[in-house]
Amino acid sequence: MDVRVIAFARVRELVGFGERVIDVTAGATPASVWASLETAAGELVGLRASTRFAVNGALVAGDAALADGDELALLPPVGGG
Amino acid sequence: MDVRVIAFARVRELVGFGERVIDVTAGATPASVWASLETAAGELVGLRASTRFAVNGALVAGDAALADGDELALLPPVGGG
Amino acid sequence: MLVAAYIGLTSEPLELGALIAHVRTNACGAIVTFLGVARETSAGDERPVDGLSYEAYATTALPEMQKIAEEAEARFGPIGIALVHRTGALALGEASIAIAVAAPHRGPAFDACEYAIDEVKKRVDVWKREHYTDGATSWRANA
Amino acid sequence: MLVAAYIGLTSEPLELGALIAHVRTNACGAIVTFLGVARETSAGDERPVDGLSYEAYATTALPEMQKIAEEAEARFGPIGIALVHRTGALALGEASIAIAVAAPHRGPAFDACEYAIDEVKKRVDVWKREHYTDGATSWRANA
């Protein structure tokens, strides 16, 4: 199934994209997607604890179930204002 | 001697002028000038306690000595901002 | 950061942009402004207001405004501060006072701006007359 | 007084006058505004900054800004509030965020404006990158 992954700030730079559709297996979660990204970008490991996940605009836990067509956003600590 | 009297707001309306040079006797004070104004505008009596006096821009007590050429300002409670 | 406070009385409409231009520097991270605006009713009085007029004694008002700016700098500085009061006739919705404060961080900018308006309302020789829709007027002192 | 909060993200320079026009009514006696401005140095870092860039996730940022506006209204209302964050590249001295709050009296206007900026800095999905004069850059989270 397809999940649209959106990344911001330092996470975006490390994964190398701002937005990408990723083909994941059934049962995938934000944590499992993150883990697969870590294999390609090792520096992500240190950012896991501070990164929040949102699915279709709502914050979710790392073990939430992803569905086909979901938009998964990887959200680092904010710096606006 | 001449004193320039400046009046504001309700006090200005009651005395009937915003600025006037008044000939006062030696020994005149802000309080004595006020008292003379009260004889012409009785409603001033109720405003005496809340009105401050300034001479040449500095706040003074009612019994301060006035000198020839002084500017005496009659300052009601403020309402700016 | 306080080069010189920008203090004024004017019968012209107040322009916040001009005040901000005076206080803004590359060292400031926060700019807080305050506008006092002529309201359609006054506290504790139900008569509809259709305009205000202000008069000021510049001889004492300007030095007192300068003093308030310096106090704000001493308490919350470094800041840049601009403080201008309108005089004459104002329509509803027009600003009677404009204050702008620039500071490295937002806490002191808010504190200094609020300090300045609080002190102006207590100490500066400016007087307000309300004009009601029935033609009556009343001088209103601050509480 | 809160008809509708005016919330936005924009890559265009922020115009305080537009925000004020949105919140101003004849019932308001006080308008407080806040501008966050790009500074030449960042707290705890001495490298000179020559620009900033911001990115935002509008999907979560806009609803969170709306929620903050509604919280401010619930706590300090009646108020009118406008809240716009800049995105993209900013030069030194440009504003990254503009907030305007109108209220009948100044206390709630100051409180609501300060509440809004405090909460935006904690909760809204916007990220800042500092660009230093030596060509380096760094993503800076709020403390």
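Letters A, B, C and D mark the chains in the order given here, with residues in each chain numbered from 1 onward.
One rule holds in what follows: contacts are C-beta pairs under 8 Å (C-beta built on N, C-alpha and C of every residue); 3 or more make two chains touch, one makes a residue touch a chain.
Here the structure is a predicted model, which is why all the values come from computation and not from measurement.
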item: Distance-maximising chain from subunit C - centres being C-alpha averages; value: A
item: Where subunit A and subunit B are represented by their mean Cα positions, the distance between them in whole Å; value: 75
item: Separation of mean Cα positions, subunit C and subunit A [Å, integer]; value: 49
item: Separation of subunit B from subunit C, taking each centre as the mean of its C-alpha atoms, in whole Å; value: 27
item: Where subunit B touches two or more other chains, by residue; value: none
item: Touching two or more other chains - residues of subunit C; value: 36, 117
item: Which pairs of chains touch, using the document's own definition; value: A-D, B-C, C-D
item: Contact set on subunit C toward subunit B in their complex; value: 36, 54-57, 59-61, 63, 85, 96-97, 117, 120-129, 139-142
item: Complex interface listing, subunit A residues touching subunit D; value: 6, 8-10, 12, 54, 57, 59, 71, 73, 75-81
item: Subunit C residues within the subunit D interface of the complex; value: 16-17, 20, 24-41, 43, 92-93, 95, 102, 104-106, 109-110, 113-114, 117
